[in-house]
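Dumping the structure here so I can ask a few things about it.
A, B, C and D are the chain letters, set down in written order, and residue numbers restart from 1 in every chain.
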């Protein structure tokens, strides 16, 4: 029984952490897979979105859910503009130029937020009903973790449906698999890129807001979790929604379990694990075989 | 005739310059104005500036110029260059700042070579003041609160068992060592020690706290760096229902840093901390300090222990300037500070003439709800606490 | 097939190829400037030393990234390996002599490069990026965990580095010796890299960068070349790290971090990669800007830097040297191919 | 009878459920001028990739002069004398034409591992490369970057690189595709000028070129050898005409 409770709490904690990773990383995976664009500014969009959500709640008294919607929309719109104006110019540039450009963008985001709002952590108060503990029958657990898991499942389900059942989803899948083919089929790639990019950034914003309870929210957010997001994307495979989902859960749960039982190891495990996984399957656990 | 005028002019110029030199004292400040420590830099910076502003009459007739340098990160290298340039290019009379211990450690050889008074306003690793004879600390060492709390936990909170969770970097290990030594020395038992990730990014504390909860200790002693780590700790503690499980969360005041406390809200209620300062301390100096702070930086702004480190550090510098009449000789400056006493917002403080570290009161406080805000109620006080690490010559503080 | 005839060596293409490695008119300029810096800015020698070390580090990255086309985010692993080699040997009283210390640093870093290269260089793209990044992060964690030897988060301070040639002390406050020492080492390493990139080996690295499939098809042992290049680059990065530790008498986790790896990448791309002198231009531009912007306006230097990076990436694809080359070409001046 | 220059025995390669090469028995004799034809997707390029070691066969073996080289890696097969050109140009686009060839020649003569002597000072390499360019009428382009050349001339550089390896077996994957017809004779002339002991296998869709060049033709369909014989035999084979030439005729 004790053992069961232990397992349950570990799974709940790990899966909840994994959900946050998933929500932020999924956009990065799809944009990187679709556009082949190394977008290191993705964490910046999560940070900006998180701020939009936190500030809307603080200054306008918006509820948590409306604020999340607001954050999604604002970030998606802003990123769509950035994509049209700047990103689009670099689609054919080398990986390195893309890295340079997006790092520059992150610096600007961090500096702007620091100047305009301040360097400090931005508190994001959850609604009372999401705080505290919930009785799950076999065990008590943190309400918000459970909520996050439910939200994450809803999101992954929605994304899956969107990917598998909608026109635009089919187009994205086609373009991820073979961009030239998709273009020759008359898919408007530029429009597809903008939509995907905006949507991915919007998701990052949601992740920034939803994850603030665990990860906090400050200007440096844009960089400090980037490695984790990249690990999830690399392990999950580029452009794979379900791949990112499983990878995020895997990393979330393993990280949780290892930290709980072997805290002395620090984050070393997760790096070692990533190295082993990527050596075993360089295209990611769920990625398509590189051609 | 012409010659004489020129000579007079030169003499006058020479006088004005030497007069100006006597008037102006250059203080080279190194703080991480950008990067993850920017928030802390701002607090210390404001503390210094506020002291100068409130005590303009005490500074006169001298002029204190702050030359500020960004050290960006705790990496050490940038701090080293900053300190070196403050010494060799700006020819500062006094050095000040140091948020991060690694920066203070990296700068130590340069401070020693530069032979200038260096006032540490935050960095808390115990042995730092041993690393250069010119270091004087107006902030705290991890041992001040950690050691005091170990004793208090056993005696005042009647704790028999404790789990220690700490951020896995030197101040965290210091804090663990300090708490463990006094807690076990007073009859308690530390049943688990949990390193909780590095100081860089705030981890998700859930797995660590889950582990602590499973051990069912009387108290859970947590040291994490002030700021975002602390906010996450309090949230996680509340969310995992550890209070209902009868586990008291205790720690140095970093977990109830004033700037974060109100945002923690009800989750913070019941936290018990040992620290040398919080904004709710009841003494006239602190009342004046907090009021001035809010007037200066906005009604929602609040000073905290970092701010008071900057504030008291500047008080020490002004004392040196006044005592030496604006001509700063380093040996004399150190002499002037040894045994210097000051009525700080944190209560009476002095500089230990032997270790050049601060001597101050430690307050045991409990966070309670009062008038719709979280209030830190003092429930115990220890006067004149010295850094126990150096007092008892333990581990890294032992003379080599 | 008729045998190769003599006389082709006079063809312009052959002559261009044969003269490519010759020292160009302007090449002494950076070295003269570096030497002049010593006399003109004696107060800035600390900064200058850091700058020279950064150039050396960026040069090591240029070799793998600019010439062999290996996009890595883990170059600081080798910098750190070199720095910790020097630091740990000195702190624990095993080896204090600086020059041999650098050789040891190079050997250790090369061994790390060889080992990790053998395993990692089978991959490419994002996977390789993540693998190099994670390897570096793993080393950083290891250095943190082994604090009894490495000093952990605090690092190892006050390293007892012996005087250079037994005569020249490393003064922490006035790093004159350090500056000249680093400059000399940089020069030696630069000559090595320069020779290497113009050699047939360097040419084959360029071939691998330009078209790996073709290199396989001409019978080149591609992976062996890449691993060798990776190890050589690691050795140079190790020298950079080692000399950094000696000049600062200090080593800590920052030598192994992502910050350092990302910064050196920015520097190289900013200056212009696969151009040898891109490392110089990039390091000077980046460090001078960040140093002085942060002095004038400490809270906002990052904004200016970010803007600069964005502008460079958008409008000057080949970094600052790329802009210069384009300008020179537009002026109609004959430009030797680099 | 001496062993053939290159031989495959029951060579198979599957990609998942798809058999891209099925039981291919193939012989390339010394001095052969052999053409491999077949409809798109017949597995011709896969076959070349198997011969050069880019991919490994699922089963079967490859022999060179009687020696089993199935497990020999790609680079080592080049050293044994198997060279190829690619269907789509794979060149060092930012390097000069001369350098492109020099890289191959340097690799062959064993100069490439050398780290100290400047590449341009290897006169033997440079002169041989220049000579090759001359053979292919590329001398005037020697200083140009590949990216500055028209596609057709880039094809010639492909060939020059392969010739720079002094192969015994030369595999040409559509060497004339994209080359203006006025220049395609340069390719055939160059092949004609090769020593007679070299075996050449050419894959092409250009039937004029194939029939002009080949002394023997193998037809592949769906990953398997469909027919093999002299140009006359293949031209007269009704089945071949039905599956391939006939269809091509309708295009």
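To be clear about the criterion, contacts are C-beta pairs under 8 Å (C-beta built on N, C-alpha and C of every residue); 3 or more make two chains touch, one makes a residue touch a chain.
Just so we're clear, the structure is a prediction, and the values are computed from it rather than from any experiment.
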| item | value |
| --- | --- |
| Partner chains shared by chain A and chain D (touch criterion as defined above) | C |
| Most distant chain from chain A, judged by the mean position of its C-alpha atoms | D |
| Identifier of the chain whose CA centre is least distant from the whole-structure CA centre | C |
| Of C-D and A-B, whichever chain pair has more C-beta contact pairs | C-D |
| Between chain D and chain C, distance of the C-alpha-averaged centres to the nearest whole Å | 41 |
| CA centroid of chain B to CA centroid of chain D, Å | 74 |
| Between chain A and chain B, centroid-to-centroid distance (C-alpha), Å | 36 |
| Distance from the mean Cα position of chain C to that of chain A, given in whole angstrom | 33 |
| Junction residues of chain D, two or more chains touched | none |
| Junction residues of chain A - those touching two or more other chains | 111, 114, 264, 266-267 |
| Touching two or more other chains - residues of chain C | 144, 299, 302 |
| Pairs of chains found to touch, sorted by chain label | A-B, A-C, B-C, C-D |
| Sites on chain D touched by chain C in the complex | 52, 54, 74-79, 83-84, 86, 90-99, 102-104, 106-108, 111-128, 130-131, 134-135, 139, 142-143, 161, 164-165, 193-195 |
| Contacting residues of chain C [partner chain B, same complex] | 43-44, 46-47, 50, 144, 152-155, 157-158, 171-175, 244, 248-250, 252-254, 257, 259, 294-295, 298-299, 301-302 |
| Chain C - residues contacting chain A, complex | 65, 71, 119-120, 122-123, 125-127, 129-131, 133-135, 137-138, 141-142, 144-145, 258, 262, 265-266, 269-270, 273, 299-300, 302-303, 305-314, 317 |
| Complex contact set, residues of chain C against chain D | 1-2, 4-6, 8-9, 11-14, 16-21, 195-196, 198-204, 206-207, 210-211, 213-222, 337 |
| Contact set on chain B toward chain A in their complex | 34-36, 38-39, 42, 168, 194-198, 200-204, 206-208, 210-211, 214, 227-228, 231-232, 235, 238-241, 244, 259-260, 263-265, 267 |
